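Down below is the structure, laid out as structure tokens.
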Amino acid sequence: MTMPLLSILTALPIFGALIVFAAGRRDAQLARRLALVLSLVSLALVLYLWHAFDPAGLLQFQERHAWIPSFGAEYRLGIDGLGLLMLLLSAIVVPMSIAASAQITERAHLYFALVLLLQAGLFGTFTALNFFHWFIFWELSLIPAFFLIKLWGGPKRSAAATQFFVYTMVGSVALLLAFLAISLSTGKLDFLELADLARAGQLLPAMAGKLALHAMTARQIGLLIFAGAFLGFAVKVPLIPFHTWLPTAYEEAPTGTTMLLTGAMSKMGVYGFLRILMPIFAEEMRWMRTPLLWLAIATVVMGASAAFAQRDLKRILAYSSINHLGYCMLGIFAAAGFAGNDPAAVMEKAAALDGVFLQMLNHGLTAATLFWFVAMLEKRSDGLRGLNDFGGLRQIVPVMCGLMGIALFSSLGLPGLNGFVGEFLIFKGVFPLAPWAAAIAVLGLLVTAIVILTILQRVFSGPLNPKWSAMADLTVGERIAVAPAIALMFVLGIYPQLILGAINGTVVQMAKYLGQ
Amino acid sequence: MTGTGYAEILRLVMPETIVVIAAFLVLAVDRFFLTQAGTRVRFTVAAAIAVVGCGGSLARLWMAPQHAFLTEGMLVVDPLSNLVQAALLILTILAVLLAVESRFTEHVGEYVLLMLMATAAMMFLVSSENVLVIFLSLELLSLSLYVLTAFSKSSIQSAEAGVKYFLFGGMSAAFMLFGLSLLYGLSGSISLSGIASAIGPHGLDPMLMVALVMTVIGFGFKVAAVPFHLWAPDAYQGAPAPSASLIAAGSKVASFVIFAKVLMIGFAGAEGSAAWRAYAAGYVPVVAVVAAASMVLGNLAAIAQSSLRRLLAYSAMAHAGYMLLALAAHTSESVASLIYYVFTYGLTTVGAFGVVAAVETETGSDKLSDFNGLSRRAPLLSLCTLVFLLSLAGIPPLAGFFGKFFLFAAALQSGMGLLWLVILAIAMSAVSLYYYLRVLKGIYVADPPASAGPLRVPPLNLTVLCLIALAVVLLGAAPGWLLRLIENAVSAR
Amino acid sequence: MLAWTIYISFLGVAVQMLLPGKAVRASRALALLTAAGSFAATLAGWARHPGGELATIVRVPWIPSLGIEYHLAADGISITLLLLTGLVAIAGVLFSWNIDHRTKEFFAFYLALIGGVYGVFLSFDVFLLFVFYEIAIIPKYFLIATWGSTRREYGAMKLAIYSFVGSAMVLVGVIAAYVVAGAHTMNLLELSKVAFPVHFQMWAFPLVFVGFAILAGLWPFHTWAPTGHVAAPTGASMLLAGVVMKLGAYGCLRVAMALFPRGMDPWGFRVLGFGSWRGVFALLALIGIVYGAMVALVQKDFKFVIGYSSVSHMGFVLLGLMTLRQIGMAGAVLQMFSHGVIAGLLFAVVGRMVYDRTHTRDLDELGPMRLGKTLPFAATVFVLAGMASMGLPGFSGFVAELQVLMGAWQAFWPLVPCAGLGIVVGIAYTWRAMQKAFFADAGEGRAIAAHALPPITLPEEAGAAILLAASIAAGLFPQVLLKLILPALNSPLFDGLRRGSWQ
């Protein structure tokens, strides 16, 4: 029985959005509960997919239909280990986000409908294999995010939403133009077919042939197109220096939305690098290896340093997100940047890529949880979330501090928690490939550690700030809600094989391809 | 010289005779039997007799068409002249019917008599190819029309119009006579074909050019072409509505037909050319220049008018310009298009003046502002006005559009040399939409004056106007049958 | 079957005129029924001719002496545009549901306009096409002059005169072609086979093309469009910007390009860098794209933003036509459909949903009204329509503009970056308008309580749903329309074009 599971998975949140919008008109609670149920159904479906997934890692659950033959647009879905991982991440983060959005009461039906639409956009992006179809969902996720920030955000939400919109739009346009050029030169828009073409060395000649622009060499044309596509994803990750939209957006967005932004949407950018840029533009990435590595390093180090300079908890976490994703980019650029087909090289790249994958999942989980805790803190402090507003909270709200502490340590990269594994594997893979880059990036680890410990010290430890002596601890409901996330942190930290088993096949395949 | 017997001639001119008899009958009945009756009754009876008379004449034309060519072209009865005479009779019938409700005069019998005499004159005019008979008929027509124009004794404008028309007309008649006699002098013949065969081989000498110009002046006046148009605005404005419609419709039809005959038969061989950058002396460039001037001045001046009658007068000049374009092309196709155009134009104009009369009776003036909100006060009347004005503007599927299309196509088919004139004509048509739409804007868009109630239109008038509007629509949407009639008539020559 | 679209519309006109003036509800119902009936006829005709090739519907001699026939035929392009007309007509009637002043006359003129438009798309005799083309001019005038808003009499007259001047230019070309062909026929197919002398085509082509393109909003003859569309009542703006502008583009393709393909050949010399009429018009189209977008960006009046955006979007249509590549021209026809629907939506929101309630179109005044909260339906529809207008994928505009750009890249690649600029500015002005009108932060100016504005009525919701569904359907399944358009572009009518520089 070949049910179009992926299409169903993607369509489910869309219908869900309509149901929530219609049914939740009068009752905010009902809207939230409906949305939560629907997102859990999606999670169940994803878990089923996980269970049915063949660990050999090749493309599965494929669906393929012709759509617009005149320029090679097809409706093509499929997942390999990477796609499955991303689906899992999205399916986990969205219910968390919904559960954390209890304080949205105004036009809640619209809010949760938009969240579900965003989820559909995520599912669609992570399963699409043809650019046309992929791009639709890429853009589809942009619009709900814009409105979520704009309508329910904090005091500076207009500027935040605008910046978010403009940056992402510019990136998307660049991406579109790049693929337009590709389509014009090869007549194809299918990611896999284009990757094959690139590996066979035929992509560049095709582009140079069809796009002869004023005596540019093939290399220059290739780089130009690569630049366009690169821009689209670099804005999304974000890589320094395209990151300026992020702190404001994360800060102003309502917490549930921030969880989505950091947990899932930022991974869209990394996914783009893995699925699209690396296979198709491998040659260009090799040429640009050094500048790219520098960008990654800058992201790592400056992200952490900027986090250190902040006083608002949300902004700290925002910059810290930039830092954590920098590691992913480091791993990707290192793996892609070096040719070499010998088993050792492949092993190193595989390690790096394994780390990247794990880091995506783990950071998504951890960051989302952290923002959730900040929200809970805000609820109890009437909106205050400055680093120095608190003090000695451990004495009053031990459970919250304990659980939040776990999440913070995971973010720091403590062994035994999920945050460690990803970063470890990345460094393990990058050191042999680009030792200098890895060495500088270690700085980021150090600074991050300082930042996290500072939070722990200022917020949890120290003398109790009398303002908060009446603060309430986590309710039963909140504890139950947060528990799965915390548990997962431990599980993934101790037994990462759970994930690695599923993705390894894909990773090895990718690493092999990179060598060619 | 074998002449034709009187009985023969009578048979040939039976249609005209019937009309003349009807004319006198109208006078007699009115003078002897109806002295005590009210104006309305008198008008109705007179109109009835006139209609019967014209109808009888039409029947005669339809059922027993004659075909003859008397010596010297004095009387030429052929399908073409029959067709044009039928058209004239129809126009007269309509004009007379629309005159039934007029109240501007007590001399009903005389008025209708004059209308019928004018009609008879026009019928004689189109069935002649002899300059003398042409001139006689023209004078009979003109004199009748002068009086008809001045007929409204209570209106000073009518008197002024009549005098102006008379003075201008007299002068142009003098020009015409001078030109025609020059032609006689040059050729020694008073028949058009005789003139042509005499002067044709000699080419264009200065005397002939003078004669040509004089003739054109004379006819130009009759059709209100620029620069011989100065009488038209006042005449159209001052004359009582039925007279004006006769001037604008019937007289135009007849004048254009005979103008075409005179030029194409009489001056055959002296055409010349008005092609762009290929000028050659002859009547064609003269006509082309007059046509261009008429189109331009007529349309541009119409924009500034605030009285519907004067607007119609200037637009008449513009339409005369278009029709002169057909003359400049001088092929049988273009003559066919000219006849189609002038006939449908005549119909539309009779209708337009009928509308003017209806509104004037209620409001006392024909200012454009009096038409404001007419669509709500008299919807059917407004619909007819819409049809008439849009036909004049040349909007399909009305007769005016097809007339223009056919005319321009025929003009170009004679040779691409006249392209410049066609472009000018089409451009000026575009301009004309502006002022016609302005009138319609007042009728349909503007609000009626607060005190105005529904406009009362006499049922007879409304019926006639609706019939005319229907005819305009049908002739535009299905012009085939009329076109075939005309083309057969023209090609039979 | 398809001919019934015309007949039903005009029958509707006649019945409307017979209704008593006070029967407002009957008038509306009748209009809706008529519009729906013609649309049903279109659907039936489509089902019968799913392949998109040329199919004659009616062909009877009309004026034999001139070789004119009453010839109706349809190919894929006609059907696509008929579908568009039907959708916009129904939506337009729905959005005009609130007209209560001289209602029956309004709908009579409306249905007459629709009937004329159907006639143009179905005519295959050039004379007949011209007749229907001109028939459409008069109802436009009255619709705007009587029921319009800002400067309506001036806007109506300007629109009518510009349209008439355009059609006058076409008339010259058509008559000249008829005479020069000497074939005694006005049949499109046969005239397209006639090999007109090249020097004749060199002036006839630009004349007829510009004549039609005036109605399509070609820069710099576009100035009537923003004025006229802003002045028009909502239902009329939808139809005018959505469908009637496409009449012009259709005429360019069907008449100018099919009959005078050699007119686009290179001149052999260069003037100001141009070597052919094709280059000139492509550049003018491009200027229209960018200029329209830039001007829209600075407008204070909400409706003017939409008016200028129409000029910009139509630029894509004309650019696509000039590419002379199958993909570009298919994109142009698709854009005709797409923009028709989108323009309808945008005008509906601005005119009916917003202006009729707030009585202002000034963006600065609308901001404080917090329309995003008080008129959420309007805001949502505008967001979706705005997305479609920006060319976001998933909506009809994306595929259309993409194809036009691809064709343009193959034909004259330097223009593509500028067109891309136009798209970017398009995103900007749409976003600006959306932001200022619906989602502005509280500023000075009066705020309106949610209950002060009348709620969105059912006809408005239905109309918006219809148009949105059309745009999304065309965006997700463009193949449905392309299956009609592509075979039509391959038909013998365009043989002359294909023998030229077409690929």
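Observations, loosely collected:
Letters are used for the chains, namely A, B and C, taken in the order the chains are written, and counting of residues starts over at 1 for each.
Please note the rule applied: contacts are C-beta pairs under 8 Å (C-beta built on N, C-alpha and C of every residue); 3 or more make two chains touch, one makes a residue touch a chain.
In this text, all values refer to a predicted model and were calculated from it rather than measured experimentally.
A comparison of the B-C and A-C interfaces places the larger number of contacting C-beta pairs at B-C. Of all chains present, the one whose mean CA position sits nearest the global mean of protein CA atoms is C.
Subunit A and subunit B, compared by their mean Cα positions, are separated by 85 Å. One simple way to say how far apart two chains are is to compare their mean CA positions; for subunit A and subunit C this gives 43 Å. Within subunit B, not a single residue touches two or more of the remaining chains.
If you check the complex, the residues on subunit A that touch subunit C are 66-71, 107, 110, 132, 135-136, 139-140, 143, 147, 150-151, 158, 162, 165, 169, 173, 177, 180, 183-184, 213. Interface residues of subunit B facing subunit C in the complex, by the touch rule stated above, are 375, 390, 395-397, 401-402, 405-406, 408-409, 412-413, 416, 419, 422-423, 426-427, 429-430, 433-434, 437-438, 440-441, 444-445, 478-480, 483-484, 487.
For subunit C in complex with subunit B, the residues that touch the partner chain are 62-66, 105, 127, 130-132, 134-135, 137-138, 141-142, 145-146, 153, 156-157, 160-161, 164-165, 168-169, 171-172, 175-176, 178-180.
Every residue of subunit C that touches subunit A in the complex is listed here, in rising order: 327, 330, 372, 376, 383, 387, 392-394, 399, 402-403, 405-406, 409-410, 413, 420, 423-424, 427, 431, 435, 439, 441, 477-479, 482, 486.
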